[in-house]
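Each of the two complexes below includes chain A, the first together with chain B, the second together with chain C.
What follows is the complex of A and B.
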């Protein structure tokens, strides 16, 4: 057993978890909204990718921009048309509505695609790896996934810190009423935040689908991983979310290496440990700071 | 013609009626003060004018056009900015970012970051600090600066003296005539009437959601103001 290899693979898997979590973290940070259908939207993105790949024959990774565009548009409309209406001081209505969406998405996927597991084939990329000496090798696909995750989080951070739109996101997150007095259309801002969150979901969905097979019931497990990454890292902190994803990935990988049956359990234990020792997460930041 | 004309404005919080037929006029270039005790309805009045509370469309006219009940972000774009009660700086934004967000709609006009820095030099020294790390007086300067960054035609100030030492209040009020000189009309709301009456061309006194007195502050006697204010 080569532990260095295990930790590296776990950390790279953590990049995928951070991508799962990025949209959840963003939506929570800006709107204080928890989207219970988040995991199902990840799986839905995988199926949209499947349809595009089957229809056009393009490489799955090349389909990412299209899936991002579709999911972002859907996210904008979903927020503007529905979720904005149920957001308020009471946290229950959005939870119930998104839970409903979770059920609907799972059943629609089941109806259309059946319960069979599917996969997105990346050909040689799936097994290609980079030898980094000392007997270590890193798969290209996990490496690409990790790089995508860092790029997404860095881009979000730049957006929040440097742009006028990012300023509006942070102001709206701080105090929605006062943001309106600044001339900010906060319903539009919320919808844009959801569009970005769903764009990240799309990237996560495709990178998930090229890594493992998927089926319509896989959403809730993805949601759990996303939750755990967000909470380990600290609510609303984007780099914390990446750190949370990596910690989750590494502990899962170590667990799998000890005995395949306890990998996921190890991840949950790490999550509980952090929750117990540091309920605010490792890099807590309750507001969206730049 | 009035820049702001309020005609029979009513406002509600659910079933509770907070304003009963407010009538008010403010001409371009004027400074108007609204005074009144706790709970008289002063902030409610500003919330209705800025679009945070629903109002009948024709009950508020801005530059001749009805604006009652229009969305708050559109009202700002038309040129009405507010310094809200309690300042309400954005805690996760620096002082400079708080000012920049005031310019979100990019309304053209004389007010820029540099102009605000020269109006309130103490803010410039603290531009990188979180807005909420400032002293109360500095926070109020930042809140005024933030509203100015939208280059408003009408600036509404809700109790800018609240919780501040008298010397600080005096400094803040010294800045206001310069703002009017740049072409912004001013409506100030105060409980502490001393400063407000000094700079106002006209004063309105609110009591329990109604206008109980209005006029030129130089001709109103202390007794009449006290009666209108406290309902004696």
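What follows is the complex of A and C.
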């Protein structure tokens, strides 16, 4: 058994988990909102990517900016037009509304695209790999996915720490009422946060779609790893989310290597262990600070 | 999204209105025939959910063969109209049982038809056995249908009848294919922890025994969960064991994850024969150009030398009419969906009319029909009282034919009457 390969592949997969989790983490950190349709939005992004790729013939990775733009705009409108109205002290209404969205998105996709399994074609990139010696070779696609994950998290962290928009995000997250008194339009801020979250979802969706295949019903299965990554890393902490994703990916990989049946169990156990020993997560932030 | 690919799904959805409502065949425009009673047929298949590719062809089948049936069948010189009620199992065994019970108790169907994977055929068959409604099922290997339902070879079932091939056939087909390419005879197994994976990997009834008999060494890293994101440990085990042949029964997303990870990590077997996922062209297409010469079991193709007893169409004509109607490449379930309606028409003709389930059951047991998937007849020894076997051969997906990938039959030792279209080639 080649343990180096096992750990590397686990960590690279963890990057994808962190991308799945990034938008969830951001939405929770700023709005204290849990988006149950997150997994379905990932699949929706994959389908938007499919439409663009089939319509224009461009490379799936080149389509990412367009999908990001579409999803971000949709995220802004969704938050501004609907989710803002149900946000409040009670966490149930947004949960129920996003759950409803999950059902709607799945069935709309089924209606439009049928239940066929789809994939995005990346041509030779799909199987291209980088040989790093000692019989070890690493696929370019997993590497690109991991790099994208680190870049997204770093960019978000910079945005939150260094820009006035980030300041407004943090202020709104800390105390919505006071932020409002200071002249911050929190409805706009929430909508922007959702736009960014959905932008990350778009990147995750495309990178997921080139890695494996997707169908309308596949969203919820992706949601659980995103949740676990967020909770392992610490609610609302972005670097924590990246760490959480990697920990999840690596523990699963080690579990798989011991016996293929227990890989997922290992991931869940790591999650429970963190929840038990450090309920606040590894890198907790009660507030979104830089 | 291309237009051709989109239209059929819309048609299907329009046909099968929300919730799997009954397809009102009479509503398509056939004049109601003044009859006191009509035959009622229930048809359960997975229209949505992960198993939906199996049910994809159903709306076409119902529209074509079903509409012929809807015109009525001659029973004792009288034309009796047939209503077909289609229900969606949503790929969920509980839901399948529920809609079957509905069809039996509310619609009072005379005959139940059910297709596609043990997750659909078994709960529906169980409901029929319980409620004493004749049921004909297909598109599930017979062992998971017979044994998983607690079938005992000496008594069998009274109301439920099945036709398809069995695990012994798929093992024979796969090993025949592997015998024709030079390998070290070490086989790696990808068996997930689901009904099919456990049946295929089962030490007694599955692959391990027969493979050892035929001189193959099986490396089985163990059951894994479906929707696996990381096959590194399996790939490592195959590399360590010098596995040159990969087999298994894998779902579509997992086959792409496994295959791309394998190539990325520098592992390429000489042969890969996988059930379930690789039945459908759309899945092999998702592998890009790397899917050439991956092999699978073949239950029906346009080249099968059989004719429909209902329309007289040859296999090729049926596949062509599907491609023309939907703009999609033919798939194997088309033939089997069509054949279910052939059996239904034949059975109803030989029955005593609607409402007499006993006579219908009697007609089912006496079936001897040449269908588009081959001859069907029940009443053999042991399980074969309820199981009729249809032929199985082996095929490879090849690039550069009429479609992006075409399924070429490369081994017919198990059914020499089905012509081959080429020779087994190792994966380049």
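We adopt the following convention: the second predicted complex is superposed on the first by the 290 of 290 C-alpha atoms of A that agree within 3 Å, B and C clash if a C-alpha of one lies under 4 Å from a C-alpha of the other, contacts with A are read in each partner's own complex, and residues count from 1 in each chain.
Heads up, the rule we're going with is that a contact is a pair of C-beta atoms (placed from the backbone, for glycine too) under 8 Å apart; a residue touches a chain by one contact, two chains touch by 3 or more.
Here the structure is a predicted model, which means the values were calculated and not measured.
S.K.: Considering only the touch criterion stated at the top, classify A:108 as touching first (chain B), second (chain C), both, or neither.
M.R.: Neither partner.
S.K.: Quick check on the superposed pair: does A:184 touch chain B, chain C, both, or neither? Answer first, second, both or neither.
M.R.: In the superposition, A:184 touches chain B alone.
S.K.: With both structures placed on chain A, which of the two partners, chain B or chain C, ends up touching more residues of chain A?
M.R.: Tallying touched residues of chain A, the top partner is C.
S.K.: Look at A:261 in the shared chain and tell me whether it touches chain B only, chain C only, both, or neither; answer first, second, both or neither.
M.R.: After superposition on chain A, A:261 lies in contact with chain C alone.
S.K.: Going by the contact rule set out at the top, does A:150 touch chain B (first), chain C (second), both, or neither?
M.R.: A:150: touches no partner chain.
S.K.: List the residues of chain A that touch chain B in one complex and chain C in the other.
M.R.: none
S.K.: Applying the document's contact rule, which stretches of chain A touch chain C when the two form their complex?
M.R.: 1-2, 5-6, 9-10, 13, 16, 50-51, 54-55, 110-119, 121-123, 126-129, 131, 135, 137-142, 211-215, 217-218, 221, 249, 252-253, 256-257, 259-261, 263-264
S.K.: Quick check on the complex: what are the chain B residues that touch chain A?
M.R.: Within the complex, chain B contacts chain A at residues 50-52, 71-73, 76-77, 81-82, 84, 88, 90-93, 97, 100-102, 104-105, 146, 150.
S.K.: Help me check something: in the complex, which residues belonging to chain A touch chain B?
M.R.: That would be residues 164, 167-168, 170-171, 173-175, 177-186, 287-290 of chain A.
S.K.: Provide the residue numbers of chain C that touch chain A in the complex, in ascending order.
M.R.: It comes out as residues 1-2, 5-6, 8-10, 12-13, 47-50, 52-53, 55-56, 91, 193, 221-225, 227-230, 232-234, 236-237, 239-240, 252-254, 256-257, 260-261, 263-266, 280, 282-283, 285-290.
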